[in-house]
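Chain lettering (A, B, C and D) follows the sequence in which the chains are written, and residue indices restart at 1 in each chain.
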Amino acid sequence: MRLREEVLEANLELVRRGLVLFTFGNASGISRDEGLVAIKPSGVPYEKLKPEHMVITDLQGKVVEGDLRPSSDLPTHVILYQKFPAIGGVAHTHSEYATAWAQAGRPIPALGTTHADYFHGPVPVTKELTKKEIASDYEANTGYAIVRAFAKLNPESFPGALVRGHAPFCWGKDPADAAHHAVILEAIAKMAYISSGLTKTLKPLPKALHDKHFLRKHGSTAYYGQPAGKN
Amino acid sequence: MRLREEVLEANLELVRRGLVLFTFGNASGISRDEGLVAIKPSGVPYEKLKPEHMVITDLQGKVVEGDLRPSSDLPTHVILYQKFPAIGGVAHTHSEYATAWAQAGRPIPALGTTHADYFHGPVPVTKELTKKEIASDYEANTGYAIVRAFAKLNPESFPGALVRGHAPFCWGKDPADAAHHAVILEAIAKMAYISSGLTKTLKPLPKALHDKHFLRKHGSTAYYGQPAGKN
Amino acid sequence: MRLREEVLEANLELVRRGLVLFTFGNASGISRDEGLVAIKPSGVPYEKLKPEHMVITDLQGKVVEGDLRPSSDLPTHVILYQKFPAIGGVAHTHSEYATAWAQAGRPIPALGTTHADYFHGPVPVTKELTKKEIASDYEANTGYAIVRAFAKLNPESFPGALVRGHAPFCWGKDPADAAHHAVILEAIAKMAYISSGLTKTLKPLPKALHDKHFLRKHGSTAYYGQPAGKN
Amino acid sequence: MRLREEVLEANLELVRRGLVLFTFGNASGISRDEGLVAIKPSGVPYEKLKPEHMVITDLQGKVVEGDLRPSSDLPTHVILYQKFPAIGGVAHTHSEYATAWAQAGRPIPALGTTHADYFHGPVPVTKELTKKEIASDYEANTGYAIVRAFAKLNPESFPGALVRGHAPFCWGKDPADAAHHAVILEAIAKMAYISSGLTKTLKPLPKALHDKHFLRKHGSTAYYGQPAGKN
């Protein structure tokens, strides 16, 4: 099953990029045709992970293949797959700068074109969960909190969010794309942090410039990179 | 003696994780059955350390085996072993961010779930030692200062402390666990520092969420990782 | 063609120095005799780049050799070559600290001799582009914005600039020199950031000291390094 | 000549520790018996340096052996050797955090025991040079500025200083010791920077604790490390 390998590779990419300490992170992928999700098992050291360790579940998060427990964050991934039908992969890390913004409870403002190339506005941050939402189905409720933050946003134009007091979740068209966005998010989180220290009057990027950069890379008018089929 | 190897390995883990500059750090372990402590010798370069260099002392810190002087921080380790009977290993570093909090004299606030997964509240910081405590038995008095900071805290729920103006000491069920906590402490110290720069109204994690995360990993209701015996 | 190799090597130097994430960067070079520019293709992973992938264009940016699309920033490079006749290479990165200054919209003040060795004053930052300049010929207009920032500055005494809300562009006598200046700019941007956090009364380096250092390395009175022809 | 090798090794240590970018740094050593100084040549890439490239000068900085120009900072080193008779090596870097403090014009306060283990008080910063001192014999005058900052300080208790607007110079009993102190200075500069961001009421380490740590490692009462002759 090719999905297992893609999911393993996305998990390893998070490690190679320095986004994951010990086992604090997990990536998953979905086969929409089969209705199956593959996800990293919980608490297994990355250096021992093999494709066959990936846990396979259905779209309700019920394990259908695999002897190991799935990542404890599985229910968050599952809600994202249910509610964001265009996504094919999810990556969760505790990467330092993105997590620090989540801990500060602040959306990451769009200060530059690096940000604008990927997120069509500030990186959203979820609202606090209620005590009840924490007490039962906590991980699923984390997913719902993200979904609520996207009431007016398109997840294809904002490939990630900060869970308040916790850390980022990112997604993409497949597991590799989700991991790619996790790397990008950490980079823009770090640069926004540094910029914040340099001026008290931070201004977001002008809308015209933001749109220009986002649309250079996305949609029918994109002209960045090589044409499809090339390279 | 297996303990020597575990202690050596914990010391080397501190180096691999970038927590130790030159010889500024030391890890130890205890065999509760035999009443023996193994600790790194003082001032020996890490790349030359072998298991047989570990110094063996009794629970009063008297050397019972080994030609080298033990780490000058031995008396601090010994007091921790005496007063915290559940711990099996101690790790001391001057890791950058944790040390900076110790230098600032501030407990590290619990801002996120990464912190909550390991410490059941802010990371405590000791009070200043008196001139008399500094003048004689300084290292033992450093241990007593940590113990006093735990008058109302359980060392199993707070696997480390900041010694004011000095640096962190961490502990765990064995030397590897102590080193693991030293790595975690540095990570949460760095993220709390970054978060501090992003908002003037830092709020600690809500208690319900803090408890949720701590208890996902600790105690009888834990559900993180694989069941015992697995993996 | 030797220029292709020099341009490839400059691109790889940006990667080795940690200035480039994924494909966010590009270096080019010009043969003034032939009126030809060589530049990295757009969106091709660095590890796959070979000299023959470099795209060759004329001084208007028209591709004259190569199957791949040139970097989307080509028009910016071309304007710089047109308007700064003494330069032979251009390097563009999204390096973290320099980009953060660009995002903050602040020139980097000349705080120390490291800066003074390379830039004969603050690192300039461009003005915002108008909506019209963004809407059409955006990349060329980015080049013109840099040129306008140099109305009273000599590009040989200021080997780079920050594009507001975007990132740095650097240049030099050849592609290697341009990449060298991109590395320097990141280093002085980082140190200026740290200094900014240490005092509220930042003072630029006194002019006499600034001149001394700049002229130790540049112009007819230079005495740094080995005489030409040596080593 | 053994001194050449020691000086080369000290220069390479600065590179290995990440304190030196390109050729921004230099280490030297002195043979007091012979009255000879060995120093890195100016502007030669570190990876090409061999012992025979080291330039040998007398105590006035006159080259007595070697074909290459000595480091342009040689006169600073020479003044330090003349005025601080107990030192045997000097190391100069533009390491990031120490340089940032120098650029901010602030002495590094003694905030913790890591600092106290090496410097018996704040790291001193020189006064500004006058225009006349900059105009002629600039590098020697840099040395005199350091010497003036030590009017009431013992260079053996303060193994380095920050040259205002420039960068640190460190020294020690031999070239390796000087390089060691350059590494330490960078570490304490970084930690002091982080601590500065964490509290508005930074307090220096209490004198009793500062003395305790400094004297654990220095002078007749030292008890850190192994006894002389051991290990």
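Everything below uses one rule, namely that contacts are C-beta pairs under 8 Å (C-beta built on N, C-alpha and C of every residue); 3 or more make two chains touch, one makes a residue touch a chain.
No experiment lies behind these values; they were computed from the predicted model shown.
Two copies of one sequence, subunit B and subunit D, touch each other mainly through non-matching residues, since under half of the numbers at the interface are common to both.
Put simply, the chain farthest from subunit A by mean CA position is D. Note on subunit C versus subunit D: their Cα superposition corresponds to a rotation of 90 degrees, in steps of 5.
For this pair, subunit B with subunit D, the centres built from the Cα atoms lie 33 Å apart. Computed centre separation for the pair subunit A/subunit D is 46 angstrom, with centres defined by C-alpha atoms. Those residues of subunit B in touch with two or more other chains are numbered 197. Pairwise, the chains that make contact are A-B, A-C, B-D, C-D. Subunit B makes touch with subunit D in their complex at residues 21-24, 41-44, 68-69, 72, 94, 96-97, 99-106, 128-129, 131, 134-135, 138, 165-167, 193, 196-197. Looking at the complex, you find that subunit A touches subunit C at residues 111-114, 180, 183-184, 187, 190-192, 194-195, 197-199, 202-203, 205-206, 208-209, 212, 216, 223-227, 230-231.
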